Structures are given as structure tokens and as C-alpha cells.
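Both complexes shown next keep subunit A, but they swap its partner, so subunit B is in the first and subunit C is in the second.
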Partner chain A sequence: MDSARTEYSNGIPARSVPKSRQDSTKAPELQAVEGRNWLLHRHYSRKEFGICKILVQEELERTRGKHEYANYIQGLILRHEGKIQESLECFQICHSLNQRNVDNIKQVARSLFLLGLHNVALEAYLEAQQVSKTPDWDIFHNLGECWLRLGEHGKAKEALRQAVQLGRHERSYIALANMYKMEGEMQAAIDIYKAAVELFFLRASPDSAQLATSLGLLYLQEGKYQHALEKLGGALARDPQCAQALLAAGAMMQNHSDYDVALSKYKIAAQSWPESPALWNNVGMCFYGKKKFVASLSCLKRAHYLSPLDWDILFNLGLVHMATQQYASAFHFLSAAINLKPAHAGTFLLLAITLRHLEDPDNATEAFKQASFLAPLDVSVPLNFAVFLESQGDLEGASLQLVRFQDLAQVTPQISSELLQTSSQLSKSLNSRLLSDTSSKASATGTDANDKSHIEVEAQVRVRNHPIDSSPESEPRNNLADDEV
Partner chain B sequence: MDLIFLALSLYKKRQFEECVKTCTELLDKNPFDQAVWVLKMKALTEQLYVDDLEAEEEGIAEAFMDNETIAESARPGTSLKNPGTSQGGSTQGYRPWTQTGRPVSGVVRPGTQTARPGTMEQALRTPRTSKTARPSTSQSARTIRLGTASMLSEPGGPFIQLSRINLGNYAAKPSLAKPLFLYILYHENSIRHALQLAVLATQACEFKDWWWKVQLGKCYYSLGLMREAEQQFRSALRQHQCIETFLRLGRVYIRLDQPLSALDVCRTGLEYFPKEITLLTEIARIFEGLNNMTMSVKYYREIVTEDSTNVEAIACIGMHHFYTDQPEMALRFYRRLLQMGLYNAELFNNLGLCCFYAQQYDMTLSCFQHALSLAKEDDVADIWYNIGLIAIGVGDTRLAGQCLRLAISADSSHAPAYNNLGVLELRRGRVNEARAFFQAAASLAPYLFEPYFNHAALSNKLGDLQASYIVIQKSLEAYPSHIPSQELLHALEKHFTFI
Partner chain C sequence: MMSSPRNLEYEQLWLNAHTDTRAAVYTFSSCITLADLNADGDFKLVVADLGTGSTNVKLKVYKGTSLHSETALLDVPTGVTSFYMDLNEPRMPAIAVASGSNIYIYKNMRPYFKFSLPSMDINPLEKDLWMQVRDEQIEHGVFIELLNNLRAEIGFSQMSTQSQHLLTLDSSNTSSFVQQNCKFPVKRQTVVTCMTTLKKALAEETAVSCLVVGTESSEILVLDPEAFTILEKIKLSDEDSTTLAVPAVLSACGLHAVEFRIVAACRDGSLRLARRGWTETKTLVQLPAQPVAMTISPDNASITIALMNQTLQCYSKKGKLQWMINLPAAACALCPVPLPHQSATLVAVSLNGGLLQLYNGRQLVDVIKAPQSVSGLVFGRFGQEENALIMFTVDGSLLVKILKRTAHFNLNGGGNTASVAPGAAQQIKLQIPKKTRLFLDQTMRERDNCVMMHRTFQRDLFQLRVDVARACVKALQSCNNPVSLEGAEPLKLSAQVLGLGPLFKMVISLQNISASSMIQGLGILFHFDDKMYSMDKPFINVPLLVPGLEYPFETMIRNISELALSDQVRVLVVKDGQSQPVLAAIINMPVCDLLGMV
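After this line comes the complex of A and B, so read on.
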């Protein structure tokens, strides 16, 4: 008999019954735990954290918190929100769910690192290294960073070197180069950066401009101007708005007295970084080079307003005020610079010259002595001292200092012609005065020429300004209550 | 002497109390003498009359229960709510911002202290102290004095029993209705009754009297019915152009957060009344509120050419010059204020700062000495703070530290002083103290970006990346275009994002 026939009643076929009964006894089909992982990943990688969180909640409820990937994603989102402690808990759950996954241990270690617990993080990374079968650049990189923070530079260097070999990753290169820089091995740092730039620059990775700029700055510190210019030019070609590169390139132009080009660079930089004290300082010194003293002063004052604790700016302000023959103001700025940075010979030299113009010979002598004590090898100090002593009538002292200058001048490789010219003038006048004892007027131009040599010293100092550390944000708070009058 | 004549003469001499006394005597004899009745009302009103245009202040309630604003996030430069968005305005790097999130102004007036805060929390955090007189509602702010006056028990009961009075009888008689209205509004402070009277009166004169329309608008405005107020003012302006009406209409638009319309109204007013100072002042203030300092100063300059003793204009121009690197110019303006006879701590404080930045060192300290000797309690902290800044300027960090500590002892919630102390401690290498100072500054003044940035940079250096990451985001909230903060965040994000 046809079994289906028997089901007919009233000519309408009954629903649902005819299908085979075996199916209903079967257990319901279980959804695989990892079934929606792809969705989670897609939302996460699109930064759609809101949806992602809801999905993660659903998954966690469904599996009673035993879903490894959901926990993992939740940890990542929480970390992005800055809730490291909670994200650490998520990763720890992941780790307890799946002990053999290296990623979980790595994330736990990373959370510990972000919390500043470098010791514990280090241990976790070492564990990860044991669990992982193949060597992993990420682990080595982070081991290096942990050791660096713990102060074990040797181990850190080793780990970072391995990371660089394994992974060829920008971050490792930068970290390793920074290590070398910290230890003063400039050449090694340059080599690392060079390798990194070669690797990444052509690939146009997002930070390549940064890399090239760093390399350029290193070259600049080493005095290799040609290489530096090349690299900075490359960085600017990649990212025309890169303020650091613009600033460094401008400073180099300035060094070569190419003020108009430097100013044009600064103009671009000022648009993206209008509140940088270093920028305004450099602009001010450009105007100084062009002999536009008023503009120079107002730029430098703005720099000083933005960063009152920066002694470089105070030094420059003193210099420009000297050029405008406002010696009292110059004295104030220079003494402020000395208060902030007591061990800089150049400041004392300028102070001494200022004091001479303010007609305070005793203190000027003291300042000269301090300058030569701080920088025994600086040629300009004894020469200026000699000029000063000669004008005071102390001819013996002057000739003594002149001899010191000549001794130093033989040792110093490059010496500006202005200095030599002044010294020969001075020795002539000294000789004639010693012979005839009639006071011939000493050349007052000597000191001024020496000031100029200082701008160049200063120009090198200026490049150092780039790292911006926490500047004291000074706010002159003016409030005038006239309603209360 | 005739008592009525005496009362009138006392009223003219502004001896209102005696005038009222005389009127009361007269009314005791003849309660139906309307002339005396009106005179007494006028005298009582005059005693309590305030310039409500100048004293106006928006309260917390208005700022939050505000359903008139059109756009939640307005386009840049069209709203008073977010002055940071305007083009070409001063930034926090140069000109410090006040508690309420706008650049410091040259003068303290109600408007400069009450910006609309972003959150309820922020609003409540600036409570009514000696420094931030922010009332909970504008009604109570303006009318606190008036309310108490009506509550004073007068011998023989109140002068006029508002609940018993038949407003309809008076509405038809303009000579009685107008003084009565003013009396109800200013003395009794009963806006409901005043509104009733105004409605009846304007009907009685067949909508031909602009004065009543302005009064209606005033009532609607203080009841918070902005659109109705706008209608009344506009209709009044069609009949008769009056400076007060222009100003009040402008205020309506400011309350609706439509500063550009307010500017339009004021400019129309200027066509009828060229170079009118109150209108020019209003325009300059609105521009300042929009953080468009160049335009604001332009109008203030116009004011000064008309009225060379206008304190507000001179102070604002001086302030503008100070924050645009021209301390010498600022000094001239402040000196002018001094010549005009202004003699207070704030002025000497500003003079001292200008002298310092213009390198007139000999004057600086004596100015600050004057300022300290004149200072009232709430100014002392600011003055010590500025002396601390000058100490930093001459490189004397020890003196700076002492001054900043004095500032804090004068006002324990002086956030900038905490911040600068933190920086000084950091220079000495005391990391923990520095961090504590930064945290204190940040919790006291969430509107300053400096403590956040300094704290984040310090934490970053110490390896506490989590704290740095959280704090730097707050710094960018306070000052979105701060480049070093952006760079720090960019560097930190590398640690915090992971695919």
C-alpha cells in the first residue's frame, strides 16, 4: 500500500507529518563555535567597533564565554579604547581557553607592556618565545623594547638585531637606530636608517618620510651636509608638509646664509605648525641674518613667549639685542639664559661683551674668565678677551691672551678669516702701543666680527631644537574687570 | 508748601524714599488721587530700576533646557557655542582660554563668563563662586534684588495688591498703564501680571503703540518665548526705530544662537543711528564671542574714535595687542586707562606684564607691587601667578616656584599655577611630584590642554603608555589642533591598534 494515501483526510493533505520520523529524533545541528569569526574580523578590521561589540556579546552569550576569538577581539577593542586592564583580562581568558596559541600570550604580554609592567611583560614574552615553534620578529622586537626599558641595553640590542633580521619591519629599525643613537654610535645608527630607508622608501610606506627625515637629521649631526640635504629633499618629496623635514632643511639653508630659501621653507612649515618655538626661533635668526632686527626680535619674542624655559631662544634674543646696541636688554636675556643653562661658554662670552659695553669692566673680566674656563679650546674667547684687555689698557694681559689665541688657532682646523684678520690688527696695535706707549685706538670691529662667528655656532645649536618636550605653557592671564569699577 | 509739589521735587532730586513717604501721606488723605498714586509707583520703580540689558546673563537652565537652537553642530563660525571653529581666530597657544572655553576677554562682563558649556557636568563644575557668577537661571540672576524688595513687608500691606487689581481698567489709560506696567515688572517682578497688562494695553490702543510691543517682547523674552519676542520686536521696529529695540532683538538672536542674524540687526540699527556706541559695542562683543578678534577690534576702534573714554573698548584693544606680540602698543592703551583714573589690581597687573614683555624691567616689579597692594581676594592668585611667569622669564626658577606656591595658597584651585609648578618640578627631575601637579591641574581645569599634554608626554617617557594614551585624547578634546598632541597620539596609536 502506498503509505501516503492513508494520510488523506477530507481531500486535504496533512502538513508536516509525512516527512520521515527519523529526522526529528536526530540531535539539532550545532552551530560551529567559530562560525561567525569571519564577520567579527571583517567588522573589526573596518574599525566598526560598535557592531563588533554587539556581535561579540552575542557570541559570548551563546558559548557562555568560551569563545576564544570573540574574547580576543573584545580585548583588542578594549585596548583601542584605552582600557588596558580589562583587555588584559580578556586576553587572559583567551590564554586559558587555548594555551598553545602564541598570539594570546603575545597579547597578554603586550597589555602588560602597555601597563608599564616591563618585568612581567618580559617574562610573558619569553614564555611566548618558548611556545612558538618558529622565531617571530614581533616577539624579538618586544623583548628588545622591554629590555630597553629595563635598562639592559646589550640584550635589547641583540633582540632588536634579531627582529630586524627576521621581520624587516620599520618599527624595529627605528627602535634599533634609537638605541645606537642613545649609546652615541652615530655611524651604526646611520647604517640602520640607511638600510631602512632603502627598504621602505620606494615602497612608499606611510612613515617613510619620517624615516628619511630622521636619517637626514643624523647626517646633519654628523656634519655630512650633502647627504643630509639629499635625504631631507627625499622626505619632502614624499610628504611636502612634513614640518620636521622642512625645519631641518630650512636650518641647513640658513647655515649657508641662504636666508630667503630658508624663509620660504619655514613659511610652509608655519602653516602646519604655527605654535612651534623652534620654528619661530629659526625665522627670527633668518631675519637677523638679513639684518632686519625688528622683525627678528618680534619673532624671537614670540618663540620666547611660547617656550619661556628654552635657553637657546634667550641666547639668540641677547645676541640680537646686542646687534641693535640695546645692551641692557641683552644683559637681561643673557643672564636669564645663564640661569637656565649655567654651563655654556658662548653665553658667558656674549655676557662679557655686553658688560664691557655697559662699562662694568670687573664683571666683564669675570665673565671672560668663566667663558674660557668652560671652553678652554674655543678660539674666540681669548681673542675677545685680548681685545677687551687692550681697550682697558692692560697690554700685558692682552698680549698673553693673544698668544693663547695663536696657540689655539694653530690647533683648530677651520678658522674664520675674520678672526685672523682681527688678531693681526690687534697684534699690530699692541706692538705699536707697547713700543711707543701712545694709546692708539684699538679696533672696535674685532668684537663685532666675533659675534658673527657665534651665529654660526648658534645655527648648529638650533637644529637641536626639534624634539619638543613638555614646554611650560605660560599664560599671561590678563583680566581686567571694568564692570566692577 | 504744597505736598504734591514737594513730592515731585523730591522725585526730581532722586530722593525716592522721602518721595514715597510724602506720597503715602498724601494717599492716606485721599486714596483716589491718581497723580500721587502714579508718582509713588514711579518712585518705587526708580529705586529698583536696573539696566537689564547690561546685567543679562544666561543661566544653566537656559543653556540646557534650550530647545530653540536650530543646529546641534553648527557650521564653523556661525555659532557662539563653539568659538574654536572660526577661521583666523586666536588659538589657545597664544591667547589662553577661560573656564568656559573661549579666549579671555579684555573686560569681565556677564557674557564673557557664561559660554554655553558642552556638558551638564562642566556646567555644574563652574558653580556660583566669587569668580564665576553663573546663576542657575537667568530670572534669579537679574532679579534677585527685585524679588527681595517685593517681599519686604510694608507697613499697612503692599502698595498695590496685584491679585486684586483689575488690569482691564487701567489698560485703557496710557498715562496710568505705563507706570503701572513698569512697577509690576521691576518692583513686583511678576512677569505674568505684567504680560497680562501689556496684552490688554496693546489691544486697547489698537496695536498702534510701539512701546507696548517692546514691553510685550521683553516679557516674552524673560519667559523664554523667543519667537514671540522676536515677532513683537520686529513689529515694534516697523513702527518706530529705537536703539533699545534693536539691541533687544539682537539679544533674542543671540539666545537663539544665531549670531549672524544678531549682527545683521545691529547693522540695520547702525543705518538709523550711525556710530551709535551701544550698537557698536554689541557688534564688537558678538565678534569676540565668535572668536573673530580682528573684526571685534575693528569695531572697538570705531568706538574709541567716537568715545575716547570707553573703558571696555580700550581694554579689549589693549588685550588684543598684547596677545598679538605688540606689548608696546598694549602698554599705551593700558596707560590711557590709568590716565582716565582707573586704579585697580587688574590694570596694574596688565601694565606689569606689558612692561615686562616690552622690556621695561624697572617698571615691571613696581607695577606688580601696586597690583598686590590693591588686589582683592580673588585677584591675588592671578597676580602671583604672573609674577611667577616673570620669574621664569628671567630664569629664576626658584623664585618662580615660590610665586606659584603663593598663587596656590591664595586660590587652591588655580590650575595654571599647578601646571607650571609641575613643569618646574620636572626640570628638577622630580617626576612623581610633577605628575601629581599635572593631574591636579587637569582635574581642576578640564578646559586647559597644557596639563593633559604635559602629563601624557611624561607618562609616555616613563613607559606608562596606557595613561599617556588616555590623557592625550583628552588634550586633543580641549584643543583639537594642537600639533604636538596629535603627533604623540599618532605615535601611541601604533602601540594600541593591532590587526
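After this line comes the complex of A and C, so read on.
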């Protein structure tokens, strides 16, 4: 097959020359250069790159490299194969052959962009914009992307806004919304997503579930749970397998202690997203909520295996180990979490309680101090500290902390009844102990109350911390980047 | 994706009528047509074989399962279509074969007419140049130079065919080429990229049709079937547009005399519409990927299009996306499957890998497996059979399947695919690793002894840290580290022992890692047990060390011990007049090969 082809491709088609010699009155039949463009395109669009490359080679040999479309297709195939530099060369040949075709400039710019030469790509896109007589959303979109990567957010926003107006293309909406998110303008990002969802959701376009999920997650960040649930539900109606929406919806259920519903969501998500640390973390905390500690540990350890440097998971591991009274293990996980995120008061509080159980009062005191330094307005820290000091016999210190707790409790709006109950118990026992220091009976009842209070206070810490909303968001961002390439 | 019993059920709708694995036909859907060539009710299969892609190009006619006739074609065919060009009885359709710049019309399988696409405008300067060279007013060299200048100005694709060919030739062949060609008028002709038909005035099956042709110069031409005049000339791109919208696939519906719609999917990714009376097309939508194949529904003019990004999309006649589905593999071809008895038109999509899926709207109703990817397929009347599916695979086999007369597609079962998924999800179990008895025992042990464990661990950890710190200090004090950064001699040492024994070669490389200063007056001293080893050069004088370069020093060392034991050798780098070594390293010698000692 190949040999037959090369015999044909030596310059002019073989039959035209002899014909014209025989009959000089008849014009020689010259084959048009573009004669087989359709064939190239057909094989390319069917992803039959092997045969396409052979055809491109033939055309290039026939025209000694002056075939614009063959070069163009070759560039596209090379880019598809990841040979960006070579594809750039092909598109540059195309551009030199036909300088009036905007497509050629756009492809040159795209290759430059993929090579990370955003500066040069920007110049190329600007050139394309000049050559193109009609405004093109694609150029604006890419200009926006270039400016974004060059750090010129103002210009990037402007270009993306124009792209959105011109093209109404999902990619531009997502890029623009991400931009606003990056700058912390949540409301603007929400508005953009809202517009995009309205535009695309009814049309069942490919990423509509994705768009609705992104909007839902934004609402979640803003604390608008009702809106978030609505959008996530919409996304799931469109695509019941959408792992991202499942995870976010599950986390919301979990926040409302609806563990079985959350677990059923996670089960589906685990099918398509079996290696998500956030998913396994949440599953683990669901089991924790259901008091199935062994299953919880299994899941959390898997999450930890998948993402060893995630402090949330380490924190949760510490918490579950505390619940199973494995304080030695809990200590390791908590200290690892602190190494990764030293500015989180909750971890220090848990560490302090762990150290108390490990009978290391000096370090426990230090940890309590650090926790109250990091979160001076957290009511649970002084209360736990007071309980600890009381058990150590430092009654004055304990009552000092208790006063701090009571001061804070007055300014904190929604305080759990368990905390108040514990504090009243503690103050009672403190009073009795201050009155009769020698009474061994009183101190015995006091410790009883303390033990109970610890468990309760720890439980209060857990609810605040376990669901990771940030991880399910950060991962989709990576996915988007992949799609783009 | 589908369970195997379901597949079996699918297969039963079709009968395998004919399989010819050695047909060796290289073709596409656009080059296959079914026609009642002899007006005897026996429909033939007409297919243009692209041969090798350039030679051995043939127009083949299959009657039933056998090859009926073959006609050689001059050039690679772009499209083949059958149409009725007049009202003569008996009603025999003509075959139009588009290739290059021409459309060849065959009647009764004999060449009947050749239509050439109209010549396009040529740059007046270029025309002038060719005139001048014909009249020998300018020399060849100057002529070619001027043409090259022109090319830079107007672009290669805007030049005449002659000039394009001339500019691609070697300089040795140009003069003969110019001589041959200068006598003839310069021509610039475009080529056909796709072709379809459009009924002229009546919608009947045997009514007269016009040919609709898409060209590389981004135009759509509608040709009169009798006189072959151009009835309509529709521009695809605007006059001032800088990109060419070259049509890749064309579809038409309606009647030319009344109202018609021609939809073109272009190579720049746009979907464009032309209607009666329009001289320019309107862009319906910008597709997200390159178009592969397209069909337009005759009922509501909705457009079903397969794209390169593995999706099948449907657009309304106004260009609104109705639905889209992801295909399991890249699409190769597509053809409509009209089923009048079920009053539905399915769409058959052939996928890379050999799967053929039939869709009713967005719902998958049937799957057919072919041994190879199907490159071209067509559904229609073949022989006496109403519903035949003709498939040509990429390796050239011909497969004919017949839809059973009793076949009934389950067109209403669309709901259950969606409802099955959550039900199945309920049965999914989370894969949680089970914990062993041992794990639980250890948990219990930790629970009971956590304070002790913690203390032991902390003590051991401190012990370890102390040991590490001590060893570190010791190494620093005895200069027993291979990199010396202190003092005036920043050096790096690495050692290598080669060989199996008892004779080894030891290679010591030294590198001066200071920025600019030279080091001199060094020596390498080996310290070893003389009962175990003997060495050629126990002391090596080191020359001046230039920064950055690595200096290798070699010496032979022999194991002289009777026993097959190995020992350590210490390498010391010393400096004149200095009692402490600059740096030192310990080399653990390998155990030598016992056989070698005998």
C-alpha cells in the first residue's frame, strides 16, 4: 500500500505530464493542492491518526512542505501526542504560508500557551485579534487566560467578560467565576455561575451538572445552605453519578447528623471516585458519628494513606483514637496534625486532653495555654482547662479559668447546654472542695463529674471540625485544568 | 457497558445476510449509495473504492452479494450519490461521482456528463506575469521571483493551480514546466469537499433532485439536474472574514422549488445554515469539536451530529442544543435508519473499535458488533430487501445485515436506564477493609497501657535523638565524613570498589567544591589490616585540584587472607604538615569470590 503511494507522490501526478506531451493542444490536468484536504480532515476527525499522518506526509512531499492544511493537521496531531514544540513549528509554517488566516495565529498562540510561554502567547493572541476583523470569543477567552497567568487580573477579567458576552461559552464562565473566587469576590462569582447555570442547565449541555455543583459549593462556602442544597440536588438530578455533588451533598447531610443518608451518597460517589481522601475522611467520620469506631478507623487510615499530609485527616484520626481511648496513638496523629497546621486551637485542645490522659501534666498545661492563646474566644478551651486544673489540685487556677469561661459564655451566642451543665457541675465541686479541702468524698464525686465533662466537651469540638469542604473543591479545580489541555 | 445477555437480545433483530472479508474496499459513508440502477426494482449497491488512496480507484457495483461491475475512476472520489435527473421512463437514476474539481455523471453505468467547477478569480498581476512569460517578455528566473513575491503578498492558497505547482518544483524542473503550461490560460479551480442531493419540486422517492456541492473555497453550489447550471451559489464565510469555513459534511432537506434548508458542518467547527433565497449562510452554532458525520431529520429538521470529542449531539433547526450523549469511543460514521413501520428514524453511529450503536433520539435501542471499526455504512433498500444495513469496515470487509421483518425496537424503554442506576447504587457496598483479631487485641493493649507505651516511646525517641547527635558530633570531630566543608579545603570524596576478588580495583575520586580557590599538597592514605590486604599504592600523591573537576585515583588491592573474610579499609585524605586528616571514609570491602582464590 505504501509503496504504491510513494510512486504517486513524486511531484506532479504522473499521468498529466505524458498526456500533455502527446497532445499539446490540451491543457495539462493539474491537481489542485487542496485536493485531498477533505480526506485529511475526515481521517483526523475520526481520530485515525496513523493513516492521517501517512497522508499528511504524502501531501507535504508532493508540495515540498508548502501545503497549509497538511501542516495544520500535522500540528494538531502532534499537539494531541503531546509534542507541543513540534506542533508549534508546524503552525508557524502554516502562518508563514498564509498570514491572513487567523486560525493559524490562534494555533501558534495556543501551542505557545501550552508550552508555558504566556508572554509570547499573549502577543500572538493580540496579533490574532488585530488580524481578525470580527471579535472572536475564543481570542478573548485565551487573552484572559494569558493575563491571568501573567498576574494581570484586571485585564484578564475584562477580556473574560468580553468572551462571556460574545460567546456565551461555559469555559469562559467558569474561568471568570474562578477569577472572582480567587480575589475573594464570592458574590460576583455566584452571580456568574448563576447566569451560566440558567443558560446551560436546561440545555443539558455537557458540564451543566459541573456548573451547578460549583455554584452549590460556592453557596456552601457562603453559608447559604438552602441554596446550596437546591443546586446540588439539581446537579444530581442531571447526573446522578456526579461524584463532586454527591460528596458535597453528603457532607451537608453529615453536618445535620444524618449519617445514613450521607453514607448512601458516599457509596455512589465511591464508585467513580474511589481514591478521594476527602470522601474517605467523610465516610470515616460518618462511622464515627454512628459510633462504629473500627470501621471509622479503617476509612480514615485509607484517607490518610491517600493523602498523608492532610492535617484534617490526621486531626480526625486523633479524635477517633481518643474516642477509643488509644491515647498513645492519638498523641502521634495530633502532633503530626500540629506540625502541618500549627495555628489551629482545636488540635492543641485535643492534644492537651490526650496528654492529661497520658499523665503528662506539664505538657498538657502548655498545650492548653497554646490553645487559649490561639483561640481566646473559644469557650470550650477555658472550661477544659479548668477541669484539668481542678483534677490536678490547682483549685485557684481552675476557678480562674472557670470565670473566663463564664465571661465568654455570656458573649457567645449559641452555647451548647452540655457545656453549661458541665460548668455548673464544676463550679459546684470547686466550691465544695474550696470549702472542705480535706474531704476525700467530695473530691471523688468531683472527678466523676470531670470525666463526664471531658467526653462531652470533646464531642463538642468534633462537630465543628470534621467535614472537609475545602478538599472536594480543590480537587475539581485540578480536573478542569486537565480538560483544558 | 451493557451486560452480555442484553447484547444477545440485540443481535437477534438482525440477520447476517452477507459477509465478504476480502472485498478490500476503502471507502466512506459519503461514497456509498443504493440505487435501482436498471429500474427493475433490484437495488444495487454503488460504492467508490478509494483503492490505495491515490491509485486503483474504482467505482464498484454490487448486485446482491456479488460484484456486478467495476469502472476505473481518474481521481480519488469525494462523494457518490444517486439521483433522478429527468422524468424519462423507465425511471433510471444517474450516479454522480465527485472527485477533485469535477463531478462525473454516469447513466446506466456509462459516462454521461462531466461538470467542472467554475474557475475562480485570479489575481490580475499573476495573470499578467503568465502572459508576459508566454510572450517571452521576462526571463524565467525573474518570473519565479516575482511569483514568490506575489505569494508572500496574497498567500499561497490564493494563487492559481499552475503557480502553486510551479512554486513547489525544484529549480531544475521549472523551465520545462513553464514552457508546457504558459501556452494555456491560467486557471484557479477549487475542489469538491462534500456532496448531497436536494429534491427539486416533488418529495416523491423518484422525483428529480438537484445536486448540492460544497467546495474548498467555502461555497455551496446547487446544480440543476438537467442543464447542470448553477441554480444557487451560497457563500459560507463572509466577504471580510479571515477564516475560511470549508464544509466538511453537508445535509439538505426540503424542496428546492418551495423551501429548503442546507446545513453545513464546517472544518472551523461552525454549523451553518442556508435557506432558499439566501446568498450567505448563517452560523447556527459553534461546535465544541470537529464534526465527524451529520444527518438532518426530514420531519423537524433537527440536526444530529457526531463530534470528534466522542459525543453525539442534537441541535434544533434554530441551532439550540437539544441533548448530547457521550459515546463510549470515537465516532467514525453515522447514517439515518428510517423505520416507517415504527414511524421512527433511528441514527446508527459506528464507533472506533467496531461497535455500532443505534439511537432513537438520545436513547440507545440497539448495539451491533462488527469485527472492525465500520468506516462507511448506509441503510436502505438493497436487492429486494427493504431494510438492509451495508457496512464497510476499515480493513475493507463488506458486511450486509438485514433487519428482520418481525423486528421491533423497544423505543419506549428510555426511562429504565435512568431508574436502574440509583437502584443499583443501593446494592453497592463500601469496600471497608476488615480488621483482624490481632488489631483489636492491640487496641485493647494500648487502651490498658497507654501511659506506659507513651513514656517508653518518648524515652526511646529521646535516646535515638541523643545517639544521632552523638554520632554526628563524633563524625565531625574525627573528620570521618566524605565531604569536608570546614577550613580551607572544601573537598568531596567518593569511592568505588570494582571487581570480584581477590584482586579489586579501588577508585577514589576527589572533587574540589570550593568556588574558586585551588587546593594543593594533599595525599590519599589507605589504612587497612596488612594481614588481610595488600595494596599497590598505600599512599597516593594528589596533584593540584582545580575547582569543580573530579579527579579519579586508582589503586589495586588484593585480599591475601586464607579465610574468605572481608574487612574495612579507611581512606584518609591528609595534608602536608597537618596532623589531622582533612577527611576520611570507611569502605566496607566486599567478600571476595571463593572460586577466584583457589
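We adopt the following convention: the second predicted complex is superposed on the first by the 367 of 485 C-alpha atoms of A that agree within 3 Å, B and C clash if a C-alpha of one lies under 4 Å from a C-alpha of the other, contacts with A are read in each partner's own complex, and residues count from 1 in each chain.
Here is the rule we use: contacts are C-beta pairs under 8 Å (C-beta built on N, C-alpha and C of every residue); 3 or more make two chains touch, one makes a residue touch a chain.
What you see is a predicted model; the values in this text were computed from it and never measured.
Trainee: Looking at the overlay, does A:S335 come into contact with subunit B only (first), subunit C only (second), both, or neither?
Mentor: After superposition on chain A, A:S335 lies in contact with subunit B alone.
Trainee: Which holds for A:Q406: it touches subunit B only (first), subunit C only (second), both, or neither?
Mentor: In the superposition, A:Q406 touches no partner, neither subunit B nor subunit C.
Trainee: I'd like to know which partner A:R302 touches here: subunit B for first, subunit C for second, both or neither.
Mentor: A:R302 contacts both subunit B and subunit C.
Trainee: Tell me the contact category for A:I84 with respect to subunit B and subunit C: first, second, both or neither.
Mentor: First partner only, subunit B.
Trainee: Go through the superposed model and pick first if A:N255 touches only subunit B, second if only subunit C, both, or neither.
Mentor: So A:N255 meets neither subunit B nor subunit C here.
Trainee: Quick one: classify A:Q129 as touching subunit B (first), subunit C (second), both or neither.
Mentor: In the superposition, A:Q129 touches no partner, neither subunit B nor subunit C.
Trainee: Just checking: does A:Q392 make contact with subunit B only, subunit C only, both, or neither of them? Give me first, second, both or neither.
Mentor: So A:Q392 meets neither subunit B nor subunit C here.
Trainee: After the superposition on A, what does A:Q425 contact: first (subunit B), second (subunit C), both or neither?
Mentor: A:Q425 contacts neither subunit B nor subunit C.
Trainee: In this superposed model, does subunit C or subunit B come into contact with more residues of subunit A?
Mentor: C
Trainee: Scan A:S45 for contacts with subunit B and subunit C and give back first, second, both or neither.
Mentor: both
Trainee: Could you tell me which stretches of subunit A are touched by subunit B in one complex and by subunit C in the other?
Mentor: 44-45, 274, 298, 302, 326, 329
Trainee: In their shared complex, at which residues does subunit A touch subunit C?
Mentor: Against subunit C, the touching part of subunit A is residues 1, 4-5, 7-9, 11-12, 17, 20, 24, 27-28, 30-39, 41-42, 44-48, 55, 58, 62-64, 66, 68, 97-103, 131-134, 167, 169, 203-206, 240-241, 263-264, 266-268, 270-271, 274, 283, 294-295, 297-299, 302, 324-329, 331, 357-360.
Trainee: In their shared complex, at which residues does subunit C touch subunit A?
Mentor: 28, 52-56, 75-76, 78, 100-101, 155-157, 161-162, 164-165, 167-169, 173, 180-181, 183-185, 187, 189-191, 193-194, 216, 238, 240-244, 246, 248, 267-268, 286, 288, 290-292, 308, 311, 320-324, 326, 330-333, 352, 394, 418, 421-422, 425-426, 428-435, 439-440, 443, 446-447, 450-451, 453-455, 457
Trainee: In their shared complex, at which residues does subunit B touch subunit A?
Mentor: 91, 93-94, 96, 104-110, 311-312, 315, 319, 322, 325, 337, 342, 344, 346-347, 349-350, 353, 357, 359, 361, 382, 385-386, 389, 392-397, 416, 419-420, 423-424, 426-427, 450, 453-454, 457-458, 462-466, 469-470, 473, 482-484, 494-499
Trainee: Under the definition above, what is the set of subunit A residues touching subunit B in their complex?
Mentor: By the definition above, subunit A touches subunit B via 44-45, 76, 79-80, 82, 84, 107, 110, 113-116, 118, 149, 171, 243, 272-276, 298, 301-302, 304-306, 308-309, 311, 314, 326, 329, 332, 335-340, 468-485.
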